[in-house]
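First chain written, first letter: the chains are A, B, C and D, and each begins at residue 1.
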Amino acid sequence: MSFEPKIVGFCCNWCSYRGADLAGTARMKCSPNVRIIRVMCSGRVEPTFILKAFELGADGVLVLGCHPGDCHYVEGNYKAARRMPLLKKMLAQMGIEEDRVRLDWVSASEGDRFVAIVDEMTEKVRALGPFKNNFKEAKYG
Amino acid sequence: METPKIGVYVCHCGSNIAGTVDVQQVVEFAKKLDSVVVAREYKFMCSDPGQNMIKEDIKNLKLNRVVVASCSPLLHEPTFRHAVQEAGLNPYLFEMANIREQCSWTTEDHEKATEKAKALVSAAVKRVRYHQPLETKDVPVNPATLIVGGGIAGIQAALEIADAGHKVYLVEKDPSIGGHMIQFDKTFPTLDCSACILTPKMTSAGSHPNIELMTYSEVEDVSGFIGNFKVRVRKKARFVDEEKCNGCGVCMEKCPWKAPSEFDLGLGERKAIYTPFPQAVPNIPVIDKEHCVYFLRGRCRACEKFCERGAIDFEQQDKIVELEVGNIIIATGYDPFDPTPIVKYGYNRYPNVYTALEFERLCNAAGPTGGKIVLRDGSEPKSVAIIHCVGSRDENYHRYCSRVCCMYALKYSHLIKEKTEADVYQMYIDMRCFGKGYEEFYERLSKEGVKFIRGKVAEVTDRALTDEEKGKLIVCGEDTLLGTVIRVPVDMVILCIALEPRSDAKQVAQLFRISQGADGFFIERHPKLDPVATMTDGIFIAGCCQGPKDIPDTVAQASAAATRVLSLISKGKVELEATVAVIDEEKCSGCRVCNILCPYNAITFIEDKEVSRVNEALCKGCGTCVAACPSAAITHKHFTTEEIMAEIEGVLV
Amino acid sequence: MEIELLTPSKETTDIILEEGGDDLKSCFQCGLCTGVCPWNRVTTFSLRKLIHKAQLGVVDFEDDEVWRCVACNACVERCPRDVQMPLLMRAIRRVIMEVGAGIVPHSLRISEKNISAVGNPLGEPAEKRMDWAKDLGVKTFTKGTEMLYFPCCYQAYDPPTRKAAIATVNILKKIKADFGIPDNSVVCCGESIRKAGAESLYRKLAETNIKIFNDLGVKKILVTSPHCYHTFKDEYPEFGGNYEVIHLSQYLDQLIRGGKLKFTKPLVKKVTYHDSCCLGRYQRIYDEHRQVLTSIPGIEFEEMRDNREYSLCCGGCAGRLWMETKKGERFSELRLEQVAEVGAEILAVSCPYCMANFNDAVLTTGKSETIEIKDLSELVSEAL
Amino acid sequence: MAKLKIALYWAASCGGCEIAQLQIGDKLLKLAEAADIVFWPVAIDVKYKDVEAMPDKSIDVCLFNGAIRNSEQEHMAKMLREKSKVMIAYGSCAYEGCIPGLANLFNRELIFERAYVETPSTDNKERVFPQTKFKVPEGELTIPEFYDTVKTLRQTVDVDYIVPGCPPEEKTTWLALEALITGKLPPKGTVISHSVKAVCDDCPRKKDVKKVKKFYRTFEIIPAPEVCLLEQGLLCAGVATRGGCGAPCPQANMPCTGCYGPVEGVIDQGAHFLSAVASVIDSNDPEEIQRIIDDIRDPVGTFYRYSLPDSLLRRARIR
């Protein structure tokens, strides 16, 4: 059986979660690999959550918010947009592939976009293979 | 924490879920999860029997947490919360797993769908353990209302609230209320005189015992929250004592100094001491320091000499007034688009190219030409072209449709036809006449012999190709209905300029903590279902500040805003979000990282305790501050770090 | 590519408006007219564009397209702004015919001259107008006669069409109606030449006829042409001619319902009926024909695809009968396909123009063996 | 009252903790009054076998400093745990891995390569690396095995208390010792410090709202003396670091580097510090944000200077 990545998805309540719902309502098919956790705003997503997901065995983390300028909370998504690049820079140093973490924007009307992002992310992570916590598999000690 | 006893209910949703997800397997899986006391399935959990199943279990099995795996929480979370509450449990001790929209409907493979459903149920079960009972709080509502902007929207809203017996502060930055509407000549489609229908409302607003008019004033600061705003207003110095002035007008008569009239868009003149127009409310002049010779050179004071009441006060200073209000309506209106940048249309280059607003003044009997439609040289035009969508529906300027231009353009054709012999050409892209009586007006105008040319005008030029075109403005473009380039020689061109957000809309948005759309207009809470409220509770928007609209729509929205305010006043209290952020002052180090992150200014720094504090009335519960707090001192109720961590663990089973 | 530059002409527009094209002001260029225009079943013709050119005064009077419209009213039937396209077209044609702008098609010019000279478009001698009735023993209308039967020029001169006039007289005699026919002094009713733009000629014709009718004290006129019907009823009053005008179909319907007409011979045929524009969309007379036809014993009646207000024009109104229409562009040929579709043996008509057009079309399409064109009067007469 | 038996040990550490322990000054006398030191490799000659010989739980308290980076340290940690009633992770290395813990960005192979081959002063063409066992004529020599990953004491044995700091401040050390001497011990697992709040609470600098357009390294600017260093663009970890130290670094114009570890309740110090720093970036423009972030040269070294082995990810993945 091919490797089925586990991806934790954080969606904001107002745009991306609704976009994800719309994908369902419109019966669009998408990879089941992303499991969504609803937060009120992408600005709520702490870097800790992303690290925790990896610690617990996630192979990728997807954070989706409202499009820039459309945040239900004015500019919570901009806060996410500040944190994510810094986190990614740190993760790169930790040897974690760039494609395992993605921040993107999906509006409530973009069911198709939601599906496209989820499918693309799933395939990229699948190509990278499982994320293994190196601490546990270190050769010496 | 009490021992969690969790009930899990998996919904078939007919075949919507059960057709793809093996519900039985999910139930068996749920039964084995930690703290789960009971797990059941049912055809339609949202039905009465479904809800009763939960209620019975809460009673009989003493459940203290409930998970329903069914559709999107955006659909039925309120339903199940209510059911749980009816069974005596706090509604927040409930969690929903979305196994329909985000699982059965998007997944084809039954096995994978079932696996995903299990993961989502496991996440909900793990999360719900950490749920805490939450209570909503009430705060009283101050019955006074602030209305910003004294155009038709502000006046309408003010009158409605004042008539209901509540105090209104109507703040207007210009010397008189009236807004753009008072500049208009006639109103479409009924062609009643704009001033005739507006001035009675202005007068009522000016004399209403419940309305405190604050003209020539601007809001400088807003703090507080729904029900309890504190507002600082700057009353600019008029140099005329409002108490003493009786509006006799002698000062204006005697003032020897003139300046271009803003009200007439520079087409006419006014004095250095002036009211913008004769029916101004209040009928109290202001002195324009830029043009008053006393202020410029220290001599004159003619107005002072002639004022019998001694109302002129050259020493007057700006005054700061503090107001306390419960609700705010923003009705700041729009700015007319300046077409100068569209060089090809010749505005400011060819004297007989006018903007729509200028033409309104030109048409108006009280305007600079006494209502005669004439060219700059005083002669009557023989032909007029009205160019639509100037700055509207154009990626280079504004993408949106300004919504009123088609109609006022039609109105202009009527006025031109009525007052002159001129031929009128409407150069349009689409005729949008959607309102009540509008299409009929369009038809009526068509019958008056107005010529419609479909196509966006490419250029207005004075370069004649034929003798016929000499001395004319030639309007060129494609007539898309003929598929031919057309040149229309005319004497006068009227540009139907876009309605655009006020130049200070950004500052206003920041001041009141409301948001602007990409187009710059203020954003309503919901484009369809809540077009009056904003994301900031207690702050409403009405009129063109929310987007271009005509007078009937503006009035309707203003009345709607007034009604929303009145309903809050009549309720007397507001319920606050329960899922807010709270700062543990025992943990807050006072680093102030969170302070600036809050878009609602809900976080204040308590200087003496050196800690930050969230004002729960202002907090909307986005959680941005929570994610930023380096001390983990902020808790997002119902979205706590523990809860989300548990959910992460859950989805990764 | 050379770009054509147009400049709106107020003068031209004004002329068209003066000539009665006032309706063009209402047009908002939706294009529905072009969509329903029968011309677009056979070629391309943007009526919408033509109207817009008229609005701006940039009509090309030399272009054939100003002569296209057959005034069938199919567009008027559905126009959202109630623009009377035929009036507009008439105004444009007047500018050509009367003011002298543009070119009048040769065949139309001939018909116009014929009407002007001998009172009928066929160019037949005026004194032979009533020759068709020579042997029928019909009296000429005199003062006091109850009803004037006025056959159209075609029914007077054109042999195949004449059958309708003869049949009509037979029926009238059968029921012993008090009627008379005009003498040779009457002229063409003028309906079509007016729609073709020859306004002054029309007025002359109308005045001539009205004078004769009035002198004779005519009160009631029976017609067998919808065109005569339309102009006598709706246009002559403007010039002082006020009559009770009745079309044969209406008359027959009244007789049958009044029990005054009894059929004796069954007519075992499959029959369909073609609504003429002038009687249908102009006058909304639809049911009478059908009632008459279905009351004839033996007739199996079947409707065609386009019927009643959606009827397809035969292509003959507004002077088009006189103008050449290329094969392949004739509506009558299309219409015959619809007749064949329902398998009718007889196509019943009640208009001489339709009769003339369809008689041509059965020949050109080789359907003369299978489809017979008959006037309503003929069918009734045969069944008596 | 019988005197306390105290053991002190150093694992992967710099020796700074020993100095810190001595720095309590005259309080040493009080300690001497109350306790006997039974094992302290840096100061007294007690062999491992002597410790091995001690009965289980015969030592009252073990103050263990240093991270676990090799087999010897692991062995000693386990042995001392058995012999001691109370195990204290003393100092940042034992607590969260500290500077030695940054080795978790690499593995043994890479570290050996660097240490024994690449360093400029090394001449090792033969590529000789340390071996755990080596036969010499006299017999077999053994040295401890070097691990890929540095672990904290808590990841190795059960730990009762933590004394944070690199090294712990004198007052923090005494706070712990005093509790031991007086027997007034806090609940197990407590991080012993004078504060549960972040360093900012101790820091006298003026705090205002934070908007940062550019981050600086310490040598690039001379910060204004009274204004919050983070507001001036210095990556001061005080916001995300447990206080109790008294904020000596910010008071000396140096940004806090985070040695007291996370604030109570924080799961991952680096992630919280990172989130706070990113949040105060004064831009919403992706390109500008990226430019500002470019100035943060070494995110792991900045945000996890003391806590990498104790972080959620613990170590880097080596590809």
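Heads up, the rule we're going with is that contacts are C-beta pairs under 8 Å (C-beta built on N, C-alpha and C of every residue); 3 or more make two chains touch, one makes a residue touch a chain.
No experiment lies behind these values; they were computed from the predicted model shown.
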item	value
Between B-D and B-C, the pair joined by more C-beta contacts	B-D
Whole-Å gap separating subunit B and subunit C, where each centre is the average of the chain's CA atoms	62
Computed distance of Cα centres, subunit C from subunit A, in Å	75
Separation of mean Cα positions, subunit D and subunit B [Å, integer]	54
Between subunit B and subunit A, distance of the C-alpha-averaged centres to the nearest whole Å	33
Contacts with two or more other chains, residues of subunit A listed in rising order	46-48, 52, 75, 79, 83
Shared interface positions of subunit D, touching two or more other chains	267, 272, 275, 279
Shared-contact residues (touching 2 or more other chains) in subunit C	none
Chains touching one another, given as label pairs in label order	A-B, A-D, B-C, B-D
Complex interface listing, subunit A residues touching subunit D	46-48, 51-52, 54-55, 68, 75, 78-79, 81-83, 85-87, 89-90, 93-96, 132-135, 138-141
Subunit B-touching residues of subunit D, taken from the complex the two chains share	196-201, 207-211, 228, 230, 238-240, 243, 263-267, 272-273, 275-276, 279-280
Partner subunit C, residues of subunit B touching it in the complex	383, 423, 425, 431, 442-443, 446-454, 465-466, 468-469, 479, 481-482, 484-489
Complex contacts: residues of subunit C adjacent to subunit B	3-8, 10, 13, 17, 25-29, 48-49, 52-53, 55-56, 58, 81
Parts of subunit A lying in touch with subunit B, wherever the complex brings them together	4, 6, 8, 13, 17-18, 20-25, 27-30, 32, 35-41, 43-49, 52-53, 56-58, 69, 72-76, 79, 83, 115
